[in-house]
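Which chain is which? They are A, B, C, D and E, in the order written, and residues in each are numbered from 1.
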Amino acid sequence: MEMNNMNMSSQQDSAKSPSGLKILWRELVRDKLALVSLILLILIIVFVYGVSFIMDEKEIVKVDLFAIHEPPSEEFILGTDYGGRDVFGQLIIGTRNSLSIGFIVTLLSGMIGITFGLIAGFFGGHIDNVLMRILDFFQVLPFIMLVIVFVSIVPNYTILAFSLIFTAFSWMGIARLIRSKALQEKELDYVQASRTLGTSNFKIIFREVMPNISSLIIVTLTLNLASNIGLESGLSFLGFGFPESTPSLGTLLSYATNPQTLEHRWWIWVPAAVMILVLMLAVRNVGEALRRATDARQRRG
Amino acid sequence: MAILEVEDLKIYFPIKAGIFNRTVDHIKAVDGVSFAIEEGKTYGLVGESGSGKTTTGRGIIGLEHITAGSVKFNGKDITNKKKKTKAISRDIQMIFQDPYSSLNPRKRVRDIIAEPLRNYENLTKQEEKKRVQELLELVGLSPESILKYPHEFSGGQRQRIGIARAIALKPKLIIADEPVSALDVSVQAQVLNFMQDIQKELGLTYLFISHDLGIVKHMCDDIAIMYKGRYVEQGTKEEIFNHPQHIYTKRLVSAIPDIDPSNREKLFQFRQEVQEEYDESYNEYFDSEGLAYSLKPISETHLVALPEKG
Amino acid sequence: ACSSGSDEETEGTDEPDATEEEGTEEAEESEEESEEESSEDGLYSIEDFGRDKTNEGEAIDGGTLQYGLVTDTPFEGTLNYNFYSGTPDAEIIKFFDESLLAVDNNFNYTQEGAATFDVSEDGKTFTLTIKDNVNWHDGEPVKAEDWLFSYEVIGHPDYDGVRYDATFQNIVGMEEYHAGEADTISGIEVVDEKTLTITYKEANPSLLASGIWTYAMPKHVFEGIEVADMAASDEVRKNPIGMGPFKVESIVPGESVTFVANEDYYQGTPKLDGLTLKVIPPTTVAQALETGEVDMVDSFPTDQFPDVEESLTNVEWLGQTDLAYTYIGFKLGKWDADAGEVVMDPDAKMADVNLRRAMWYAVDNDSVGEQFYNGLRWAGTTLIIPAFPDYHDPTIEAPSYDLDEANRILDEAGYEDTDGDGIRENPEGEELVINFASMSGGDTAEPIANYYMQAWEQVGLKVELVDGRLLEFNSFYDRIEADDPGIDIYQGAWGTGSDVDQQGLYGRHAMFNYPRYASEENDRLLQEGASEKSLDTDYRKEVYKEWQQLMVDDIPVFPTLYRAALVPVNNRVTDYSIQWQWDDWHEVGLTQEEPLLP
Amino acid sequence: MWKFIVRRLIITFPQLIVLSIIIFLMAQAMPGDALTGLVDPNIDRAAIEEQREKLGLNDPWHIKYVDWISGIFQGDLGQSFRYKMEVTELVEQRMINTFWLSVATLIFTYIIAVPLGIISGRYNDTLLDSSITGYTYIGFATPLFIFALVMLWIFGYQLQWFPTGGSVAPGTEPGTIDYVMSKINHLLLPALSIALIQTVSTVQYLRSEIVDTKQRDFVITARAKGASESRVYNRHILRNSLLPIAAFFGYEITMLITGTIFVEQIFSFPGMGQLFIESVLQRDFSVVNAVVLLFGAAAILGALISDIILSVVDPRIRIK
Amino acid sequence: MGDKLLEIKNLITSFRIGDHYYAAVDNVSLTVNKNEVLGIVGESGSGKSALAFSVMGLHTKAKIEGSILFNGKDIVSLPKSELNGLRGDDMSMIFQDPLTALNPLMEIGAQISETLILHRPQMSLKERKDHVIELLNMVGIPRPEYVYEQFPHELSGGMRQRVIIAIAIANRPELLIADEPTTALDVTIQAQILDLVRKLKSEMGSGVILITHDLGVVAEMADRVAVMYAGQVVEIADVQTLFNNPKHPYTRSLLNSVPAEGQDKLHVIQGIVPALQNLPREGCRFAERIPWIESNTHEKDPVLHEISPGHFVRCTCYKHFYFPEEPKEAKVYGNTRG
């Protein structure tokens, strides 16, 4: 007899406890900018991975003595660099590589950070203390320097090796965040309830707590992805990036350190700069929209 | 026979400080509490905020480390977690205060209610579903609700889902920690009624924790008043409400607002008197640290914390 | 690390040094720059450049010249010829201190400098006389004992610099002194206040060609300082003195140095009031020149030249052949450290000279030079570069780009593609993969390495980069030097220094003989070239011609590119030159106070 | 208070030790050493080997480490192979430069961040806020080195407002006003470049803090007291929002370190960052070790300062 | 009774949700006289706080229509600066949640002083401190000098609530709005706080709006009581009348759901207060929750009827209202259909 209040109550309460993904998605769709960003992003990803699949990478990085510094033309849509290599092709593959690095680093550091944070936060006490000291330590390491030193040691670093090195230094932020959230979360009654119901700690951590902070995780990972996309560009600039046979956006960008390239040969570096900008902005727009979605007070509608 | 016997229960929380985070002192959240609950009865635990009610409940169910004392369930010692068999764990369940946070918002009703079943019983999917639906029906929710999420329910309904989860394993004892204090008056009634119904139906024993004396009066058979981790008085409902012995209990009872506006003056007067008495005889009833003395029986069921001399 | 071949002042401390910073640092001399020289096809040639600055007007009295030191790191600040190790430091020292002996364009000593010399019959004893009016900046005369002092410092057991080398060891009594067995160097004698004799164990034609240590050290300044502490002392780092045309006024460590004219300079008071030197990174050097921030730089990155040549109308470009070359080396053996000599390995992958020759034929170095450097680098032929006009033999026919020839040689030598994958197998029919080591650094390092590999692939040779990438400088030399079996060929570069003697690089006992090549003929020629007999220049020329031919025949390495060095000079500067023999900073002047702008 | 600092320092200590071991081992693992670069046929290899022996380059790593670390305890960071001088002395010059660069950058960062963050947070969802947010997005997405290059390009070369390299004009006498002014002048552009890019995270952080604090109940209490909007912001919201920024300070230092490496390279500013890159390339290990250790110490110190600031300004965790 | 202190006329406070505005306070008219406690009761979400915030001018994003006359001045259209002059001085508010209503970074003394600084700038430092100590004494805080320098986190919930009250009464406001001032407190402290409010009223002759969902508190404190449901006042009467002779079905249901002596089963109001967006805007809003009452007994456009002097009831359905025979057991109520 409680009438058809069901749907009413549901709407009232949904404001209090967003049911994760659906709300994220709803907010995303509502936010025009984020939606456009998302579509753009998907297009770029599909295009870049698709095209690079059929592209002959070897051919692109092949030095052509007689096509050095060609401005954009019909043959070379974005001209060539100082090795006579097609910039457009490098841009595509570079974008793919940069994206891959972004994804790998984000996922790996996410996995480490989430696990670390959850364990520290959930168990608290001594475990938390020890884990946090470890984390503190990682956080104050002069990260870029150690990466540079690492890069000088690792003889042959691939995208994967590179990503692993970066991962080693980028999981702390998320771990901290997740920990503080887990600390709050574990005090909530549903966790206590699970304990009284005989559920094991492991299950509680990963099956109860983790899903509840999933929107936070998604948001953080998205925002992290945004900053991880341009990761290698800085190192490339300093001369510790990938070999030119592995095109990357950073390599293209670092050509701009040559003042003549910076001034006269925009086609080499500007597209890469724009690409990084667009990728980062797009991912970030999506991330920010997601963040708004998780924060009921900032939700737009 | 008492289903639950608590003997001199002490639960202390360390206060840490200093360079190496050493324990310098303890918060005596529960400090020597003893009581027993008869099967099928509702035992009320009342006290002001911070008096240690919740901690007592959590200690009994094993969410809090017990510093000293013993807890016996059906005669078996369950003080130590390791001694607590699975069978006993499933016999004691808990209902939480906050119907919003006590249900995992990311899980469907079915998974929420099935959680204890999955931990303790090996049921097929089909059996499980059937059990969940039965439970839902029992708490007055439509069996179709199993696919919904908690946020699709009102506070009262949620609390009932919580109750369904607690009774899924057919426990004998349910610890209800302020089960209605987060709810609106109107919804409170719903849950309280329901708790009473289900008690009859399943023969449950309740440890009912609340700070609302009105509700305790409505629900409980025996009542204990807690103050700063200790009992000040324990007795039947009549004894506590009609013949409070301890000054603290008197004060508490006098503070209950009356719904009849015409009693206003009388009540005010009464309160004034009690307060005066309280101020006057405070030292008689509390020791130098402001703590209650240990309980002295004044009748078979009525115990009051009075100083040694009596 | 040492720098590349850009020791323009010929200080005799020639360092045929590894060129670790490829594209960023060549530069040097030139002659005349005529605006018309930018040829139609956008290519330049070293012939287009002059080496002396054309004066555009009368010099005014005084003025301060702004000098740019092109380097992307701060200079180290070891401002003493006896201690410095980086080229940037030498570029600074040259303004306030100088060699006592002057050289001509072939790096042979002349009598024009601050001192004169006299060689004994047997070529072993040199009598050196310092001219009378040569004084240190503090007014003390430069004495023979100052000169001796620098020998005593370098030879000292505690000396921590890099100058103590074979030429020093060649001095009579030096090794005893270095070992701490003797208190003095018996081969060096102070005859009188201004005269000194040095006796060598063996005569060597190189001695006359910048082989003598010609830098004195003010003994009265350094006397009280332990040799071990000298390099770090304030006398070296903060207020160094010398005998050159300018005096150091102030130093901002690593960044800049201001000089004032040394009115007591023995060749005459400088025209300039002073000179300010500052570090300019290669990336911004063009802008610095354009805005007049600097009037000239020590060297200009040639790869930027085509881009800025048109806009930099306020400078004159001087240019000449740089004292360096790049080359491809083939690993032919191992270094036997105990014996201290090279041991050839007849089974080395690259042991077949035909394979090596074919690889030379397969690369189009002229195109590399044209395309990457707009002609400011060009295909090398022999291992003695044209900067030594007396010794370089332009008539030698070195292999040049010819794919057919390369294919033919390979076919004949039995390198055939037996399994039809487009890649040649070795004569035994086994797979042939050549591992190529190349160094990172510089803008063009990577495309050039890639280009070479592509070029070799064109003739069916499979060449792969060691580790799949360019090697960083240190690991490159670590591994080349250790004869890493994973490296079959490599691309390297040598700065030649000012001495034609090749024993240090290609001798049997030379650690730096990285290809690990040795042959009796080679031994013979190199010894001849450094023998007493070779004091006769014509004979020496012959010897080195033969040697150059031998290298083209045996190909332990082949030179890939010779280089031009460019120096842009603001048009207000007068009487400047980049010729090796030029050392007339005191005559350099300015036509106006403010730099000319484009 | 002091106890707290001491306690923090005690925690810091093992961090530094571990850091030093890591750095040391990594330096050991790098190919080559300071003498590898001396590729000079005129230098006797035996002499170099002798030098190696003399410098202890051939010892096993733990011996080298103990030597090194015990040196550090005596304030001796070793000798730079390349500069032939005490690392302490070498680093001192560079550190002063980097220190002032960092200070200038921090000042700029906060000068930019605080007002922008406040405006953006206070007037959130207005046009002004959108443009500030837009700036932060772009700042976030722009690689620092590209930005710095462009800054150098525009303000150094095209407009010639600022010097384009170095830390001080040649020939200025230390201690004079000119010298100080020149130093400051040389700092401005690089500091501004880092600040403009790195401030964005602080702006965003501050913004969201303010947006957050704005909704807190005590702000309503303040309004109910009759406090004007500006008083509400200045006395209540701002303090509470700036607090987490203080906690951010340590992180800011770590970011700064990264920033200086790039910017010093671009503006050929002789500081620690540049010294680091050089020394890595030159395998001047004693310098590499020293620089990383110092930067690590700086970051640790930053974290310490954050904690101290927090514990001073936040009564909730104030140590008495 | 006395003079009109506050007169709310046709107040509509609406919030923007999505693209529409929804009224959380829907056409409410009330008056508060001097020296009078007006109790407002209602379930959670019925618009009590929204009403109180409107009176204080504390809404930042809401749309407010109608008029709120405070001593004849319309607060709705008052310029901000004048409003600030009133707030904290002539009218003030006690907030529900003592844990968050104090600035965590400010000393207690400073937080109380602030209202004095704002409204009595002429006070000297010492006077101010004395006054604050006095206030702390007044609200029953032991050792006020010590508490003066403490921070909120060092105080218990009850102490903090007293500090909030001290802030509210610092300038002896003519109108005091107490939004659930005791919900977070224990009964004993609640009694003390209520005493305090009572004293304030009698000593200063202030008008008090006491918002609560605890009917016991209202019964003890209020002179008149307004019952709110879904943004509307459904019944308003003096306290005796309301408790002894409640008319509106909602009021009656509320009263019935409180445990009382000898009551076996508590009454349950079915359903819940609908969310703002789902409020039935036409007809009797409570109709949905009393489905056993014939729908034609509800008015189309219910208004407040004055059924006896000072006793107003909305909708005529009260005439027909009865409690359903509550027969069977648990399962019966709240059987939901998906």
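The rule is simple: contacts are C-beta pairs under 8 Å (C-beta built on N, C-alpha and C of every residue); 3 or more make two chains touch, one makes a residue touch a chain.
Remember, it's a predicted structure, so these values are computed and weren't measured experimentally.
Asker: In how few steps can one go from subunit C to subunit E if every step must land on a touching chain?
Answerer: The distance in steps between these two chains is 2.
Asker: Out of curiosity, which chains are bumping into both subunit A and subunit C?
Answerer: Output, common partners of subunit A and subunit C: D.
Asker: By the contact definition above, name the pair with the higher C-beta contact count: B-E or A-B.
Answerer: Between the chain pairs B-E and A-B, B-E carries more contacts.
Asker: How many angstrom between the C-alpha centroids of subunit E and subunit D?
Answerer: Each chain's C-alpha centroid was found; their separation is 54 Å.
Asker: For subunit B and subunit D, what's the span in angstrom between their mean Cα positions?
Answerer: Centres of subunit B and subunit D (C-alpha means) sit 55 Å apart.
Asker: If you average the CA atoms of subunit A and of subunit D, how many Å lie between those two points?
Answerer: Result: the chain centres lie 24 Å from each other.
Asker: Between subunit B and subunit C, what's the gap in Å when you average each chain's C-alpha atoms?
Answerer: 90
Asker: By the touch rule stated above, which residues of subunit E touch at least two different other chains?
Answerer: Residues 271-272, 332-338 of subunit E each touch two or more of the other chains.
Asker: For subunit C, jot down the residues that touch at least 2 other chains.
Answerer: In subunit C, the residues touching two or more other chains are 283-284, 287, 472, 475.
Asker: Can you list the residues of subunit B that touch 2 or more other chains?
Answerer: 154, 157
Asker: Residue numbers of subunit C touching subunit A in their complex, please.
Answerer: Residue list for subunit C touching subunit A: 283-284, 286-287, 303-304, 307-308, 364, 367-368, 371-372, 440-441, 443-444, 446-448, 450-451, 454, 465, 467-470, 472, 475.
Asker: Which residues, counting only subunit C, touch subunit D once they are in their complex?
Answerer: Per the stated touch rule, the residues are 1-2, 13-18, 20, 72-74, 76-78, 83, 85-86, 160-162, 164-167, 169, 231-232, 237, 249-250, 252-258, 276-281, 283-284, 287-288, 290-291, 293, 472-475, 477-479, 481, 497, 503-505, 510-512.
Asker: Taking the touch rule as given, give the residues of subunit D at its contact with subunit A in the complex, in rising order.
Answerer: 11, 15, 18-19, 22-23, 26-27, 29-31, 137-138, 140-146, 149-150, 153, 211, 215, 250-251, 254, 257-258, 261-262, 265-266, 276-277, 280, 288, 291-292, 295-296, 299-300, 302-303
Asker: Can you list the residues on subunit D that touch subunit C in the complex?
Answerer: 30-33, 36-45, 47, 51, 82-86, 89, 93, 152, 156-157, 160, 164-173, 265-266, 268, 270, 274, 278, 281-283
Asker: Could you please specify the touching residues of subunit B with respect to subunit A in the complex?
Answerer: For subunit B paired with subunit A, touching residues are 21, 58, 61-63, 86, 89-90, 92-94, 96-98, 100-107, 115-116, 119-120, 149-154, 157, 162, 165.
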